[in-house]
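Each of the next two complexes has chain A plus one more chain, namely chain B in the first and chain C in the second.
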Partner chain A sequence: MAVSGSPYALPAIIVVTVLTIGIGAYGLRFSRTTSDFLVASRSISPGWNASAISGEYLSAASFLGVAGLVMKYGADVLWYPVGFAAGYLALLLFVAAPLRRSGAFTLPDFAEARLGSRALRRWSVFFVVVIGWLYLLPQLQGAGLTLRTLTGAPYWVGAVVVGVVVTVNVANGGMRSITFVQAFQYWLKLTAIAVPAFFLLIVWQSGGFADLSGGQAPTFDEQTSVRVDTGVTVVLGEPLTLSVDGFADGADVDGPVRWTAGDHQIAAGTVLVFPDGAAVPHVSGLPALSGQTWAAPLGSGGGSPDHPLFATYSLILATFLGTMGLPHVLVRFYTNPDGRAARRTTLIVLALLGVFYLFPTLYGALGRLYTPQLLITGQTDAVVLLLPGAALGGLLGQVLGALVAAGAFAAFLSTASGLLVSVSGVLSTDVMGRGSVRDFRRAATVAGLVPLVIAAQIDRLDVSQVVGLAFAVAASTFCPLLVLGIWWRGLTAVGALAGVLAGGALSLTAVLVTVFGGELDGWPGVLLAQPAAWTVPVAFAVLVVVSKATAARIPPNIGRTMLLLHAPESLGLGRATPS
Partner chain B sequence: METALVGVGLVVVAAALLWGVVRYRSTRGFSSTEQRLTFDVLHAASQAAPPLRLGLTEASAGKSIRYLRQLLGTPALAITSAEEVLAWEGIGAHHRDTVMALAAGVLDSARPDVAKAAEMACEQPDCPLRGAVIAPVTLEGQVAGALVALTWQEPGAGLVRATLETARWVGTQLELAELDQSRARLARAEIRALRAQISPHFIYNALGAIGSFVRTDPDRARELLLEFAEFTRYSFRQYGEFTTLAEELGNIERYLLIERARFGDRLQVTLRIAPEVLPVAVPFLTLQPLVENAVRHGLADKPGVGTIAIRAEDAGAQCLITVEDDGVGMDPARLRELTVEDGGDGREHVGLGNVDDRLRSVFGNDYGLVVETAPGAGTKVSLRIPKFHAGVRAG
Partner chain C sequence: MDSLEADGGPAPRRVRVDLAGRAVRRASYSRQELEEQTQVGEVLIRGLVRAQLALALSLAGVVILLLGTLPIAFALFPALGDVYVLGLRLPWLLLGILAYPLLYVVGWLHVRQAERIEDDFSKAVGPTQDPETNGPWQ
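This part shows the complex of A and B:
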């Protein structure tokens, strides 16, 4: 595309990557060296902890994907950023403190501590690995996209580079979840996205706050030249005269042509020059929304145009309830000294994420004004990377573009590392050994390579949508286990296993069909693309019904377990009986 | 729509394959019927064993009786304690009282008994049970209960012998349960012993050091005395087998404060603690003996300044703790003698041996102490603690 990334972006990315590896290698220096016990045994404050959780949580989906979706679909997909943040509300209300009091480090630990079942523990491990991999995919995908946008390298190069860097780093013991490093990542990401956003606002203001919700679809506001990197079919709403250099509609073209309304095929490498004021053609399958439809709820259905209401509710359910099932988030709660601190931490996370998610939304909206050509190919995930350069221009635009690129890379690296540490942690303790350092290395290698291979295959899907699927699986498996495990005495190991398996099998089927199958229309399409609205209730129902049927198997010490989970530590009620 | 069907189909096929493989592995692969039978018997026994290892209760009897009946192949089986029927598997549960009456005789005599049809009479005309074998379950020479196998006809000699053998096997499992319990009791007793033996040396030395400040620096003496009080309160506390690393470090701080009063600037301490591992649950008084050991054996005999380094690192699902001193060190062979044999005057290193035993009994044999030492080269003791282990919780 004619709007290209900043020349400083690549050096910035390299600096971030080298810094990340360096911090990993020297990571232990960050633990406090002192001769003062008061300092050494001070536990991490909720503020630091919350920054660290946010730093690990804000991923490619948050950094690039949300803006891309907002640019494409408008108000309906606002539920993505809202849900990504509000998931912590559900976590705060139902899970945070009791989970901490249970003493569990990972989700399988919780399953074992609460229900004492080895089978349930094994299946929990399986789903931790599945969710971890599903969530790793979009990180690698985002990296591929970023490098392609900035350097023109093939899509798989970025995925492989980030995948290998993270795998090698984690396998060698770097990037252990060092709180201060992760906390710093949050502030880096916030700076990288917020500073350019303020300059963008100034540009928008100087243009008299151009209308985003008018009756018109996006247009080019000056003569714009666009290079198409991958072959694409676009739809023109009305006839248009433009200049084409390359191969389009089955013929070599070099010079002005008049295109009729309708479909036009454009080959890779073709350069199109649109005149001032021309309407932006959209990639086939993406409706050309007028500003009004874009800004209105249920206008686009967020990519599910047939049943927008169902898709929206499903998305809300997946993101609200899925956060509590994300393995790399939950292990961080262990660092809190007690349940009360866990709650405070979650509350601060809500605030930090709330602030962050304002910005990707802004990028998505302004993208329709300043980088409408992204709609030609539909790869709007690049909008955050390209917008500063396109809107500001000059040295400032390039420097800010580099800042955003560095932030995006920090997002892939930190989230991918956190996920990989979690996945290889459970693999090394439960599947591939007994948790020794050597086991961990082998597990990290395996855990890193699998998603790498898959990520190289899928550049068709939106980054945020793949993340949404990971959330749906988490919401259909671990959410019922955690919520009922904490709040219902009647849960049995058999019931939990049946519910987790039912929810997991259904949601995984939906995910596999969506990722590897083709495009589907109508009800089957929306039911599989946004499965949470039916898989979560099914999982809950199975859990309850099977537990009722096996009520004889309620763990005998249930009263004591519940006391441990719910009584504040300061009361000392959870203590072992005097010996 | 088609792809959806294909996807669903794929998942169904995969599930069916998985099920098939599991079935195949459980039924095939035996080269002879004998092999198959041996497998079935051992498998049933291994399924019945874990609940019995928790002792003879209603819950454990209920869980294992299914597999015991598989072993004997009778239409019904009952397990009784000395007082009542604990579990009944199979038909004819209305015989509970009859069976308990029959078992009472066996419980008294400790000899097996066979009941014929006349003794099994009941009101239900269609009740097919016509006989029973009652075998005593003995635990360390005492009759703890009875195993009652009920049959369609008069019990044959084969069934009698099989029932007796099964009852003896159950008795063995219960004895192992006793053994497990006494091992746990021993571990608790060891903590108590450790609490009680928070060395008389130390108490004597501490009080001596505090005493020397009473005239010259009364404020410091008062402060030290309060620290000492706090130290003893923690060390002698009566609840909880586990505590957090943070609390354990707090106690070490008090300990070192008092030792410093004695050694002055000769004792230097460096700490490198990853804050992520502070909430880890560790067995009560795990680190204290290691630090005490470093002070007593590493520094006390050494001229000049000695340094103790305490480190706790975050290592994935584990926490790695090391206590290192640059003192006089020791010959590894001598250390082994002192800790392993633990007899005679092994008291000097009883701390290390005790910590090692407790770590292994709580977390398993992978989690012992690792000691690196040589004469003149200082000593480094390291241990790993899993962040989560079933049943381990600070408090």
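This part shows the complex of A and C:
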């Protein structure tokens, strides 16, 4: 890319990483028992807890991916950040307080305690690990992308750095230290995205708020040179004379060439120089949206242009209902002192996320104005990193560029830590031991290494899409289990197991086909790329129907369980056998 | 309390009744019924769960009505996408900015109402008695 990262970015990333380790080590002095490790002894106030939840939640997908998607697809993908935030409203309305009152440590604990089934517990463990790893992959890959964008380091370096730092930190400190780290990360991320945004707004304003939704596709507003890092096929809307240095369309080129409209193959390392006013070519497969189509709803379908309405509703369902099923989100609720605190914490989280998500949209939109060349390679995930330098230039642009790089690294570190804590939590209690501190450390090492190995293998996997698929799996498995488990007396262990397996198998199949299979068009493509709209209803239906068919096996102590879940703790009801 | 439990006993003892004392006894009686899963206890807890669920569902309905209908509205009336309000296209204003305060307000209403429902339940059940706040399941 001609627009390169700031020279201060690497030092900023190092500072964030060292601070993370330092705060983690500070917290370590307080971590003593297993309970400290897993749920921070439940002594964290709502304000701290909410900052920590938000810090943990704002991942590579939120910090980089949302802006990248907005830049590519426009209005339709605004549902991603809205859904990421609205997931906490669903959590608040249906899950937060009862889940805390259940007193269970982890999702498998909840499943077993509510329905008394070991089989259900084992499958819950399986899905916690699957969702956790699925969500860890894009964090590590985001780290690889960031370091490559900023320093030119090979892709695997960033992934390994984040993977190792997080694994060591979690294995040594557990969650108590992580709570401090996460709370710090939220405020760092907010600062990192909000301060440059303020300056970007000034630049945009000084240009008279240039319209982003005009009839044209983005154009270069000055002569721009673009270096292609990985081989790519681009589509030209109209013939163009440009200067090419490298290997393109099967031949060595050095100098001006006239390209016809249509496809052009460009090899890695080639430098393209576009004249002022040229239309920006788009990577093959990415529609060249005019400003009008980009700005209007249902124009791009967020990458599913054939059936935008279905894709939009499926996305809404996955994000609204998937949040409550993400293991690293739920584990935080056990650190609230009681059910009411859990509710208040969630409300603060809604506010913190609402403020944060105002900004990625702005970056994505302004990216079309100031860094349109990202559309050539399709790597719009880098827009947040490159925009400050491109739009502001000079020392200010470089300093702000370093700030967003630090924020991005905070995002990978915090989300990966949270995921690792929850995955190692269930691994250490259910698979690899009995939940001692030593088991937890061993489990954390395994839980961190597996996705690291996979991430180093798969170079190109779309960050935001994998995250969306993780939401779809969570919404199709743990969401129905939690909601029906909390509110419906008729749920049976057989019904829950059948529903979780049905929703999990269907959504996982969709994930695997989408990620590893070929591109599918039409209905099969959209049904697999955005599976939630059919897998979530199927999961709920199977839970209900099978539970009704096995109604004789409703747990006999269901009345007491309902009392425990819904009565305020201060009454002390349902908590001890009456004397 | 034991006086109230003596229903099936030989001869009910005469007890002195004053208003305050009666309220306390009445409340503690509910607590015991809840703990022992009697029918009265069942009704009390079912009422609590139903009230909380109705609250959650109605607030979810508000969000579905205000946010969930937007894609259909944009599909049926594409012209909505071209309407400018405060210098922004309507979809960008609604989804990029206004959705977040809406989610917060709905959440705030939920917290307030859910705590009210719990307070009413607590009043019906009675004063706190050896609170075992953080007890584990079972």
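Couple of notes before you dig in:
By our rule, the second predicted complex is superposed on the first by the 543 of 579 C-alpha atoms of A that agree within 3 Å, B and C clash if a C-alpha of one lies under 4 Å from a C-alpha of the other, contacts with A are read in each partner's own complex, and residues count from 1 in each chain.
In this text, a residue touches a chain if its C-beta (ideal position, glycine included) is under 8 Å from a C-beta of that chain, and two chains touch if they have at least 3 such contacts.
All values reported here derive from a predicted model rather than from experimental measurement.
Legend: residue contacts after superposition of the two complexes on their common chain; A:564 is shown touching both chain B and chain C. By the touch criterion stated above, A:93 is placed in contact with chain C alone, chain B being left untouched. Within the superposed three-chain model, A:334 lies in touch with chain B and out of touch with chain C [touch as defined at top]. In the superposition on chain A, A:113 makes contact with both chain B and chain C.
By the touch criterion defined above, A:309 reaches chain C but does not reach chain B.
In the superposition on chain A, A:103 makes contact with both chain B and chain C. In the superposition on chain A, contact is made by A:295 with chain C only, not with chain B. Of the two partner chains placed around the shared chain by superposition, neither chain B nor chain C is touched by A:255. Chain A residues 42, 103-104, 109, 113, 337, 564, 569, 572, 574-576, 578 lie at the interface with chain B in one structure and with chain C in the other.
Those residues of chain B that touch chain A in the shared complex are 1, 3-4, 6-8, 10-11, 15, 59, 188, 191-192, 238-242, 244, 246, 249-250, 252-253, 256, 268-276, 278-279, 281, 313-318, 366, 386-388, 390, 392-395. Across the complex, chain C is touched by residues 42, 75, 78-79, 82, 85-86, 88-90, 92-94, 97, 102-104, 109, 113, 209, 213, 295-298, 308-309, 312-313, 316, 337-338, 340, 343-344, 346-347, 350-351, 353-355, 357-358, 361, 487, 559-560, 562-564, 566-576, 578 of chain A.
Those residues of chain C that touch chain A in the complex are listed here as 31-32, 34-37, 41-42, 45-46, 48-49, 52-53, 56, 59-60, 63, 67-68, 70-72, 74-75, 78, 80-82, 87, 89, 91-92, 95-97, 99-101, 103-104, 106-108, 110-111, 114-115, 118, 121-122, 125, 128-138. Chain A meets chain B in the complex at residues 28, 31-38, 40-44, 103-106, 109, 112-113, 116, 173, 176-179, 334-337, 421, 424-426, 428-429, 434-437, 440, 505, 508-509, 512-513, 516-518, 520-522, 524, 528, 556, 564, 569, 572, 574-579.
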